[in-house]
Every structure is written in structure tokens, then in C-alpha cells.
Amino acid sequence: MNWKMSRVVRTVADVMVVPIIIFGVYLIIHGHLTPGGGFQGGAVIASSTALLIIAYGSFGKHKDSLSSLESTGLTLFILLAFLGIGYTVFYNFLASGGAVFGGSVHYGINPGRLDSGGTVPLMNIMVGLEVAAALSLILWMMAKGSDSMDVEEVKG
Amino acid sequence: MRRSVAALAFIIIFAFLILGMSQLRPFGEPENTEMDDYFLYDRDEGSQAHNQVNNVVTAILFDYRGLDTLGEATVLFSAVSGVVAVLRKVKRSQKEVHG
Amino acid sequence: MKDAKDFVATFILALVVYLFLTLASGIPMVEGTILWSLEELIMGLSVALIVAAVTSHILCRSKNFRMLNPARWLIMLVYTIPLFLEMVKANFDVAYRVITGRIEPAIVKITPDLKTDLGITILANSITLTPGTLTVEVDDEKSELYIHWIKVKDDPDEVISGRFVRWIRRFAE
Amino acid sequence: MNTWFIHLPFLVVGILIAIGLYTVLFKNNLIKMIMGIALIQNGVNLFLISLAYRKDGVAPIWTSAPDEFMVMPTPHALTLTSIVIGLATTALLLSFVMMIKKHYGTIEADKVRRCRE
Amino acid sequence: MPVYEIIFTLILVGLVMTALAVVWFKDLISAAISLGACSLLLSLQFYLLRAPDVAIAEAAVGAALTTAIFIFAIRATDREEGYS
Amino acid sequence: MIVLALVSIFMAISLIFNGLGVVGLHRFPDVYTRLHAATKCTTFGSIFMAFTVITYSGAMFYWSNDAKYLNMALHTLGAVVALLITNPTGAHAIARAAHRMGVMPKYAVKDELKEAR
Amino acid sequence: MNYADPLYIAVGVFMVYIIISAFRIFMGPTVADRAVAFDTINTLVVACMIGLGAAMWEILFIDIAIVYAVLSFVTTLYIAKYLEGGERK
């Protein structure tokens, strides 16, 4: 599918990409307060890539950068998990420590603060990075593969 | 022959599915909820006291059951590696055909 | 210089969307305070910077910086009122067609005198939302629109798009 | 709750899984079989979430919840993991199908089997 | 009046209908559309069962990305079932 | 009281127009006229459903001065804006694809696009 | 009568509409008709989600409606783009 769609669709895609990415980032970094988290925000960001592919066709070379982004996300996630190794793996050593994301909340129904949760928001960001890059890479490779099959069929 | 065996297996599995599903507990009234109540309401080790996190699902995903999430991320990584490997091979063989 | 304008436009859009989403969401509910907390502002600024750095070449692809002027946004907000009135008329029209089934469709060509992509897009979407018309095809270079019209009349240019073009020319041209 | 409602979600789960299993067993097209696998995934997700539901409970999020009685959160986490894994495996299977079409020229299961021999 | 249960039952009926349509269509693109509708109603069901995290994930993954990769695969292979 | 009347009127408008859209989806003869009914009527009806919620939560915010109701009203407004931008574009894409696919409008008096091709 | 009952009834009527338009997916003569029915179901589901979020009075659930309103558009575009290029093959 490497031809462009019409002018209206292209313009709407250009306008909608930034709000979609911002909405995904909102879902990721508010993952400990509102419904959402790394997986959901990553999927929403990947769908902005889907929108660009559908509007403009699969041109350009982005495979290496997306792949390295995914590896970076996974590596940082594992590193963050093993930082609490003195107690257990995945120990939340930052919670109510006063450092970054170290605020505390009370028991019961409360509106919450962004500055709480310890390592959970950081892990959300890492997993969001990994999932967004991975799903974008899947879409990208399948679009490329479908195009190359198409060309071969036309020629043969 | 194979189709008749498959039909028999399908009918048996279907009967067991419907039978088993109709013998489950009533919808909306679970019986053993100690673990979930521990995650939800415990004032010393629950999600709000231990992690300072309001969204209990996120707390379970990234703290209590964090190894599951690690395995999930690894599965996603290997699936992406598989897709990239398979579809890159398409392009290379196409070059061999046309070049 | 053009790249800096791209960056600023994307940054402003991202920041506005983020602040709209987090308005009154993450603050202690004291009586009467509906502003953002400090953490939300810091996070919004950093997120908007990162997103603007990554996607600044997408939003301003056509190098059209007219919409950086806030007066045009005000006119665009005012434009929603006639659009809404037209939508009301459109729905009663379609309700009449649904009940009676009296249709006489045709595909006609109109040539509005708009040049920018944004103007054509807003015109096409407005036409789709208003009485008895539906945009089928848009020409890529010239400004020609092919409209499916459910009850054909004379003089398609003025009847379909005249009132919209006069509004859109004020903020998108 | 009414009596006709007590077992209905679980019965629908059974019907969904049976439809998916029928598609996998008796259809000949590989993409249709993958659609059957997707249906089975949908049924299993619905089963887990139906198990988690408590009558008159609210969502397990403390931020501006209207009440303190919540549904069970652990199956939600499991289902969340399962959905992403399902997408990854579906993508992998579909890329295999594209390769099969490339090499054998068909995606009907029995013809592929005949081509291989 | 048990409105909540009636909504629930209607969603379940829609789920079974669209799932049967997936099996019934010979045209694979129609089957993909039907699978998208099934995923849509499933997300509404999750919403009604108070699982907002899962509903967002199903919305993003099931509605947008699964249909997208199915359409890429159908584009690369044949459209009709039993064609070649 | 005024809020209750407004909410009732909005909900009635929403129900009536959504019903008209669905009836038109079954009553009209071809793709384009169905798109007329479906797009216009359901967009209008869904927007009025959102207006119901905005009115109600805005009134709750005015009475209780609690910020979460304002949050709800604003997010619903965001959904309205998203619907207004995306729905006509989807209708345009389907109409263009149908015309390129070869589905011609039935009972058409004239077709200038077909002549232009 | 509770405040939420009219909203629940409205959502129930919307569900009936969704099932009626699902019949168009069954019996549409061309694929474009099915895509139109799918688009209709998308919009109706967004309306259902907004109404249910207000009826259950869970403030945070409106986010899901925004996600749906944006992402169903992507699905419609994918189907439309496939139908556009259908005759090229």
C-alpha cells in the first residue's frame, strides 16, 4: 500500500498525529492514577504510526532506529527491575523515599498526586517506550512485506 | 476419515465446554477473594501502603507480579525479532529473483 | 528559521492538548482551586519539548504558518456556530428524506477558490456535515471538489459552498 | 439477579471458544484459521474478566472512585498481559502466512500440504 | 426494571452474531470487518464489567492494530477464501 | 429543574436522530445515500448524547464545586472534538474508495466524476 | 427513580440500534456497505461509552471514549485504503 490517500485524509492525519501521541503519553505517565499504563499508551502511540503509514505509504528507512529504541526500553526496564536486588527483584525502593516520584498518598479514596508511586511510573515509561517501538516495527515490517509481495505479483 | 475424527472431537469438546460453563459458580459472586482483598484493602502491605499507587492493576503489573510483565516484554521482543527476520527474507529472495 | 517555527508550532499544540487533558485532574481538591499543580506543569513542559523535537516535521509539512495567529483561532471558534446551525438543518433534511424516501442524487463538481490544504480540508468536512451533500473526491493540485448531492438543484457552487467559503477565507487563507 | 442471567456470560464464552475451534478445525484457509485463533483469544479474555466481576463493585482505581467496594484486580492484570501477547503471536503467524504464499503460491492448507510432498 | 442486565444480554447477543459472521463470510475482508466489530463489542463488555485498563488495551489493540495487520496480510495474499 | 429539562430534551434528540440514522442505513438504496444517513445522523446524535453528559456534570460542578466534575465535562468535550474531526473524514474515505471500486450511485441524474475520469 | 435510570435506558436503546445496524454487516451487497455499517457501529459505541460513563458515575471512564473516537477512524481508513486499491491487483 505505497500510494498516498487523498488530500483531506493527509491533512487530517498531519493534524491528528500530535494529539494522538500526546494522548498516549498522557496515558503512560498517569498510569498510576487513571486507567492506562505502559501497554495501552504504547499501543495508542503505535496507532499514530499506523495513521502515518496509511496516509503516506511506507516510505523511508526507520527500521534500525525503531529496533534500537525497543532494545533500549527493554534493557532499561530490566535494569530498573534489578536495582532492588538487595531485597527482591522488582522491589519498589523509591516509594515514599522523598526522591523523584517519592511522594506518599493516604489510604482511601483520594485524587492522588503525580509525584508518587516509586518505580512504577518509571517502569510504565520504559514499557511504554518498548511497546510503542515494537508495535510500530511490526506494522512497518508488515507494510513493507505486503508492498514487496504486491510488486512481485504485478511483475510476474 | 480425518474430518470425521475432527468432527467427533469438536462435538465432545463443545459438550464439555457448555457443560462445564453451566456448572460454574453464579456470575458476580466469587468465593475465594483473599488475595485480591489483600492487594486492595490491606493497610500495611496493600497497593496504597506499600507502593503509594492508586491504580491497583498497575501496582500488580509492575510490582507484585513484575516477573510476568518481564516475561511478556520478552515475548513481545522475540515476536518482533521473528517478524523482522521473516519479512527481511522476503526482500532478499525477491532481489535474487529479479537481480 | 523555518525549523524554529515548526518547533514552536508543534510545541504550542502539544502543550495545549496536554494542559487540556490534565486540567483539574491531579490536584488536591481544595475549595475553588481549579488550576494545575506544579508537577503537572513541569511534566507537561518536558513532554511537549520531547514530542515537538520528534514530530516537528509532520505538523507543518506544507510550511503554512498562518494558524500561529491567535485571531484566526477566534474566528474558527465563531465559525462553529453557523456550522452547528447548518448541521441542525442538515439533520432535519435527512430525516425528511429518510421518512419519505424522496431522493434524486447526482455527483456534481464545484470549484471553490481556496488554495491551502487546511482550507480545503475544513471545507470538505463542513460539506460532509451539512444538508444533503457528501464529498466524494478531491483533486490533488487544483481546488476541485466532487460532491454527491442527494437532491440536485441548479447552481451548485453558490448553494453548496458559498456561505462556507466566505467564512473559511477569513481564517485559513 | 434474575435466574436467566446467572450463567449467561460463561455460556457465551463457551460458544465463542466453540466457534473459534470450529474455524480452526474445519476451515481450509490459513488466514481464516488465524481469525479463529483470535476468536478463541477473545473468549478467554472475556472469561477472565467475567470471573473478576463482583456484583455492584466499582473499578479498582482509588482516584475519585464513587464507592469502596471494588472488583478483583488480579485477572485484569493477567488479561492485559494476554492481549499484548495475542497481538504479537497474531503478527508472527500472519508473517508466516505471507511467507507461505510467497513460496508455495497458495494459502489453502491441503494444497500447501500437497505442494510440500 | 433490570436495564443493566438487558444491556448486558444485548451486547452478548451482538458478540455471538458477529462471531458467527466471521465464520460465515467467504470474503476475507468482510470477515476482518466483522472481527473488528466483535472486538468493538467486547471492549464495550469490558467497560460494563468495570475493567477500564483492559477496555483501553482492547480498544487500541483489537480495533486499530489487529485489523491493520490482518488487512496487510490479506493484501499480500488472496482476498477470496478458496480462490487458488 | 432547568437542568433536568435540558437533559431530557438532549437525550430525546439523541435517541431520535440515532434511530433515524439506523433506519436510513436500511432504507436507502446505495452506498452514498446510506453514508448520508449514517454519518450525519449518528454524528449529530452522539454529539447530543455528549451534550447531555456535559450539561449534567457542569451542573454538578456548579452545585458541588468539586473539580472532578469539571474534569469529566472537559474530557467529554475532547471526545466531541475528536468525533467532529474524524467522522466526516472517514465518510469521505469510504465514499472515495467506493467510487474507485466501481460502485456507481443508483438513480443518479448525472455523474460528473465519471465523466472526468 | 434513580438519576441513572434514564441514561441506562438510553444506552439500552443504543444497543438495540447497534444490533439493527449489525444486520447491515450481514447482508450488505458490497463491502463498502459493510464498512458504512462498521462506521455507524463505531459512532454508536462512542455514544454508549459516554452515556455509561455518566450513568455509572465513574469519572475516569471517559478516556476510553476518546481513545475509541480517535482509533476507530484509523480502522475505517485501513478498510477504505484496501478498497481503493482493490482493482489494482
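Letters A, B, C, D, E, F and G mark the chains as written, and numbering starts fresh at 1 in each.
Note that in this section a residue touches a chain if its C-beta (ideal position, glycine included) is under 8 Å from a C-beta of that chain, and two chains touch if they have at least 3 such contacts.
Note that the coordinates shown come from a computational prediction; the quantities given were computed from them, not determined experimentally.
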Q) Among the remaining chains, which ones contact both chain B and chain E? A) A, D
Q: Go through A-G and C-F and name the pair with more C-beta contacts between its chains.
A: C-F
(Q) From the mean C-alpha coordinate of chain E to that of chain F, what's the distance rounded to whole Å? (A) 22
**Q.** Computed distance of Cα centres, chain G from chain B, in Å
**A.** 26
Q) Rounded to the nearest whole Å, what is the centre-to-centre distance of chain E and chain G, using the mean of the C-alpha atoms as each centre? A) 11
Q. Residue numbers in chain F touching 2 or more other chains?
A. 35, 39, 43, 67-68, 71, 75, 78, 85-86, 89, 91-93, 96
Q: Check each residue of chain E and list the ones that touch at least two other chains.
A: 32, 50, 52-53, 55-57, 60-61, 64-65, 68-69, 72-77
Q: Could you tell me which residues belong to chain D and also touch two or more other chains?
A: 1, 5, 8-9, 15, 22, 50, 52-53, 58-65, 76, 80, 83-84, 87-88, 91, 94-95, 98, 101-102
Q: Would you pull the chain G residues touching chain A in the complex into a rising list?
A: 60-61, 63-64, 66-67, 70-71, 73-74, 77-78, 80-82, 84-85, 89
Q. For chain B, which residues are in contact with chain D within the complex?
A. 3, 6-7, 9-10, 13-14, 17-18, 20-22, 24, 26-30, 33, 35-36, 39-40, 48, 54-57, 60-61, 65, 68-69, 72, 75-76, 79-80, 82-83, 86-87, 89-90, 93
Q: Please give the residue numbers of chain D that touch chain B in the complex, ascending.
A: 1, 5-11, 13-15, 17-18, 21-22, 25-26, 50-55, 60-63, 70, 72-74, 76-78, 80-81, 84-85, 88-89, 91-92, 95-96, 98-99, 102
Q | chain D residues touching chain E - in the complex, by the definition given at the top | A | 1-2, 5, 8-9, 12, 15-16, 19-20, 22-23, 27-29, 31-32, 35-36, 38-39, 42, 45-46, 49-50, 52-53, 57-61, 71, 76, 79-80, 83-84, 86-87, 90-91, 94-95, 97-98, 101, 105-108, 111
Q) Along chain A, where are the residues that touch chain C in the complex? A) 6-8, 10-12, 14-15, 17-19, 21-23, 25-26, 29-30, 33-34, 52, 111-115
